[in-house]
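Have a look at the structure below, then the notes.
Going by the order they are written in, the chains are A, B and C; count residues from 1 in each one.
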Amino acid sequence: MTRTLGETDAVAPQPGVSRFLSLPGSTRIGILPAIAAIVLLVILAVTICAPLLAPHDPLALSPTNRLKPPSADFPLGTDAFGRDLLSRILYGGQVSLFIGLGTAVVSVAAGLIIGLVAGFFRLADAIIMRVMDAFMAIPAVLLAVALVAVHGASVVSVIIAITFSEIPRVVRLVRSVVLSAREEPYVEAAISLGTRMPTILWRHLMPNTLAPLIVQATYICASAILIEAILSFLGLGIGTETPSWGNIMADGRTYFLVKPSLIFWPGLLLSLCVLSINILGDTARDRLDPRMRKREG
Amino acid sequence: MERFKTGRFDGVADVIAIENLHIGLQTMAGQTPVLDGVSLKIRKGETACLVGESGSGKSLTSLAVMGLLPSGVLKVTSGRIMLGETDLLTRSKRQMRALRGSRISMIFQEPMTALNPVIRVGNQILEVLRSHGLASGKEAKRRVLDIMDQVHLPDVERIYRSYPHQLSGGQRQRIMIAMALILEPTLLIADEPTTALDVTTQKQILALISELQRKHGTAVLFITHDMGVVSEIADTVHVMRHGQIVESAPAQVLFRQPRHEYTRALLKAVPSLHPRSPRPEVSAPAALKVAGLGKTYASGGFLKARSEKRAAEDVTFQLMPGRTLGIVGESGSGKTTVARCVMRLVEPTNGAIRLGSLDIAHLPQGRLRDQRAKIQIVFQDPYRSLNPRRKIGQSLIEGPTNFGVAPEKALARARELMEIVGLSADALDSYPHQFSGGQRQRIAIARAVAMEPDVIVADEAVSALDVSVQDQVLKLLDDLQQKLGIAILFITHDLRVAAQICDYVIVMQHGKVVEHGTAEAVLVAPKHPYTRSLIDAAPGRGWDFGACREIAWPAAVS
Amino acid sequence: MLAYIIKRTLAVIPVMAIVALIVFLILRLTPGDPAAIIAGDSATPEQIASMREAMGLNEPIYLQFLHWIGQLLQGDLGTSLLSGTSVNALIASRIWPTLYIALLTIVMSVLIAVPLGTIAAWRHGRLSDHIVMIISVAGFSVPAFVVGYIFIKIFAADLRWLPVQGYKDPALGFGEFLRHAILPALTLTTAYVALTARMTRASLLNVLGEDYIRTAHAKGVSEPRVLLQHGLRNAAVPILTVVGTGFAMLLSGVVVVESVFNIPGIGRLTIDAVMARDYPVIQGMILLTSGIYVLVNLAIDLAYTLFDPRIRY
């Protein structure tokens, strides 16, 4: 880089002085995120490969094999209908993860558009934000419960139901990023250069939202997997002919004192999965955008 | 009378002696140290100025003395810091805490953020006494009120109960000083204590520090980048660069016969308060004509008395092609509001803004866009005025392509412009973070010039830069003006900068223009009392730093 | 000041109005005939018709909404289709167990989370910080019902220290109440502590980077005092906010936990209503919980003025 003689960095922070007492995080990849990534990849791999790995048909009823303990034939035992628990968990992961990913994608896409509009158009802002406040006020599980109760439970309707309560968070995030970015001199410079508003929105404002959105998407994914499990557990989720981690546990409710493994194994896998996603989200947040720490929660 | 302080310190005991101090990054052992063998001593009653540009290590030196280096990031690798007979570097954390606030204390740059917003200021001063187990109850409060009195705060009982946000910047800095001096420390460290203040307030705070220093015989380590301030207060000057002290000398000696090449360069870069020589009048029609411009911000409303804040009122001026008009004033004077109105980044409440023959003050957005090319802006903060995610080339052609220039053509022009502003054309493929502040400001100027505007508004465009860089950027603006005949509206709080570049100067106060004339007339023979007080408060105003001699001012000013 | 309080309080109205609209639309914009859904699969056309009449479904939709709102404004949440009793009375009889457990949860969570978060921020980047962070991220990664069952398995089934399920009113003896309420409250606490500890840490870290913390050190203020007096006091507002917004999560959690522990609170009421398609009760419950959430956050916003003298609108 060519540097004009005698130039020094004018406002560049002196090392350590401006970040006084708040120490920068370590620069290497931590052990924890690495473990989380591996766990998540393994879970993804085995659920995707469920048809190859599962020892049994997850739907095959076997009245003679009800609530069997683990054996060579049924590595994790069987449920109340004699279905193989391991096979059901492997297949169930597909649905749970799909709902997590689906909700993350739909919420972020919808929230990004609504948030950009709210952040840039004063008139729309007031109305949009009141509606978002209202959606925030309705507890996520209750909203999902009500929507699913009315519209019936399918993978798509569950995704949509959870999306409704996740969108406000995305909208608020995008809006706040846009509001602070539009004060930036480079945005005002673009206005002065005669750049049109839609172009400014797309070229100068939208990119600022990407890093925080990636982080938010991981949190939504984790949260959606949890809510799906709760819905199923309450008996409102997808029917047991499509196994999901949630409805496997729901099936195990009645027998949990007799055979806790019906809840334990799917619960463990689900928790590990959500935990890994959350850890990766935290790591991404710390890496991509240190300012995000302010919006933690 | 001598121009510089001539305190004699022969035989006076050292209060603090820093000996061969090295500080390095903890994580990168073996790297070039951040502080490389700094030695200096300060005697009782002496003011030592540590002067240097950003990144020179001056603040780090002070934090090391305080024992407040960020742990885990930086650490002292060798050297001694002797406070009297004790080496501070061998003291435990607990012992250092006991020394801080009692024997060494410190004041900081930003009085706005340096005070805790949720605690009454009286209690914040009181906390110093309490933390050192000295005085309590009525006696403590009496001492707090006494020191508040000594820093000349008015109505001390009321201010004692106030929160920081209820006080002015100057009052907050007085609170900081009261806090620092209540236990009569032997050493006061002042880290750029007046940089965030207006010049008139700066003058008062400098006077206050000197007064209290004389009274208590405190040794002062004063950190600043401003040679003007140094010339006002220093007994001894230490010039720092890249973590080393390159020259130490009594103020007298340093300003009259600087020895080190860097010191000379630094002094040369300080703009003179003496205005540039007048250029011939321009007979062409004005490039920009502003008449009766006003901007009123309404606040309150619902259930609350409506209040109006007049940020600018009845501002009238005209700007000739190829000439520079400066708008000068302190914070809150409305100078930036005028700039933003002229750019239509905020909507003016009333008045006319004639760009050539067209009034753009109330033009609808669509038609305004067509006029945008004619008037461009350069902002203060070089780190925020370029989109960090876009290549320099993309930023430079954004404007021209908006107006239908083919991208290849715009890019070819951008190449030329990079050369013109003193950068290489290869830089077009780089991102802003690869450039220094001064270089970014050059790029921002190139972006403005790419539009071939009639007018450039420079809003504090050199205020964030070190003096040496400031100097170069001012020269660049001047060159461009001579080559291209652009008219420049130059907003600044710094009279020295204004003197260097402006042909005409407007002085603003409380949103109104109080004085208007040629740079010569306004800066050399000011008529309005406010202008006079501004010039009077400019530190080191009688000294021509580059030439190392007095400025002969006409009698009118003094 | 007063103007701010009034303004902030009035801001509740549009939010609640939109909540009401959403609740109304969830039911009315169903594909198909709500009356048919409610009446059930075995209903005759006549039964459905009379149901339509009873529900006012023959009126234009905006009139239906206005009627319903009019009812709400009189404080009437409607009548349960299942039991025929008023929704108000149903809620009144079921709300106390929920409130007690929620209160117990909040108290326990704040008592645990704020010190944890403070320690993590103070020891930022050290082992204790990492441990607190891992525990807290794990806390909201495990579904509440799984936590609940684990607790039941350990403390009730195996150790036999506590009852497996059920609920006793505090009026019948506080000890008995606690024996029944402690596991549900602990279950809810895991997630709530996780959230609050994270927020405490994050906002305290922010505050500790501020200039006035450096000033406090420069004054010779002791470390604990810097942390508590200067740090936590300034971090109080964001911590309070997360306690408030976390309240929505708590209300969601109540539904699950009451179902696991068989507690006759409003959470169970909701699930029973959903199973029976008792729409007035579902609507009432959503309105009630949203209302509680909005009011809690109103109270917190107003409490800001106590913590931060700068907020004086």
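In this section, contacts are C-beta pairs under 8 Å (C-beta built on N, C-alpha and C of every residue); 3 or more make two chains touch, one makes a residue touch a chain.
By chain, UniProt protein names: A, C = ABC transporter permease; B = ABC transporter ATP-binding protein.
All figures in this text were calculated on a predicted structure; none of them were measured in a lab.
Enquirer: What is the chain whose Cα centre is as far as it gets from that of subunit A?
Expert: Chain B.
Enquirer: Select, from A-B and B-C, the pair of chains that is joined by more C-beta pairs in contact.
Expert: Higher C-beta contact count between the two pairs: A-B.
Enquirer: Between subunit A and subunit C, what is the gap in Å from one C-alpha centre to the other?
Expert: Comparing mean C-alpha positions, subunit C is 21 Å from subunit A.
Enquirer: Averaging over Cα atoms per chain, report the distance between subunit A and subunit B in Å.
Expert: Chain centroid spacing, subunit A to subunit B, equals 46 Å.
Enquirer: Just how far, in Å, is the C-alpha centre of subunit C from the one of subunit B?
Expert: Taking the average C-alpha coordinate of subunit B and of subunit C, the gap between them is 50 Å.
Enquirer: Out of subunit B, which residues touch more than one other chain, so two or more?
Expert: Within subunit B, residues 68, 72 contact more than one other chain.
Enquirer: Which positions in subunit C touch two or more other chains at once?
Expert: 125, 214, 217
Enquirer: Counting only residues that touch at least 2 other chains, which ones in subunit A make the list?
Expert: 19-21, 23, in rising order.
Enquirer: Quick one: which bits of subunit C touch subunit B in the complex? Just the residue numbers, please.
Expert: 2-3, 6-7, 125, 210-212, 214-223, 225, 229-230, 233-234, 307-310
Enquirer: List the residues on subunit B that touch subunit A in their complex, please.
Expert: By the definition above, subunit B touches subunit A via 25, 34, 53-55, 57, 59-60, 63, 68-74, 265, 343, 345, 369-370, 372-373, 375-377, 379-387, 389-390, 395, 398-399, 402-403, 422-424, 426-427, 430, 434-439, 444, 447, 451, 464-466, 468-469, 472.
Enquirer: Quick one: in the complex, what on subunit A touches subunit B?
Expert: Checking each residue of subunit A against subunit B gives 1-4, 6-12, 14-17, 19-21, 23-24, 184-186, 188-196, 203-204, 207.
Enquirer: Could you please specify the touching residues of subunit C with respect to subunit A in the complex?
Expert: Checking each residue of subunit C against subunit A gives 14-16, 18-19, 21-23, 26-27, 30-31, 37, 124-125, 130, 133-134, 137-138, 140-146, 149, 152-153, 157, 164, 195, 198-199, 202-203, 205-206, 208-209, 213-214, 217, 238, 241-242, 245, 248-249, 251-253, 255-256, 259, 270-271, 274-275, 277, 282, 285-286, 289-290, 293-294.
Enquirer: Which stretch or stretches of subunit B touch subunit C in the complex?
Expert: Going through subunit B, the ones touching subunit C are 66, 68, 72, 97-102, 105-106, 108, 110, 113-119, 127-128, 131-132, 163, 165, 176, 179-180, 302-304.
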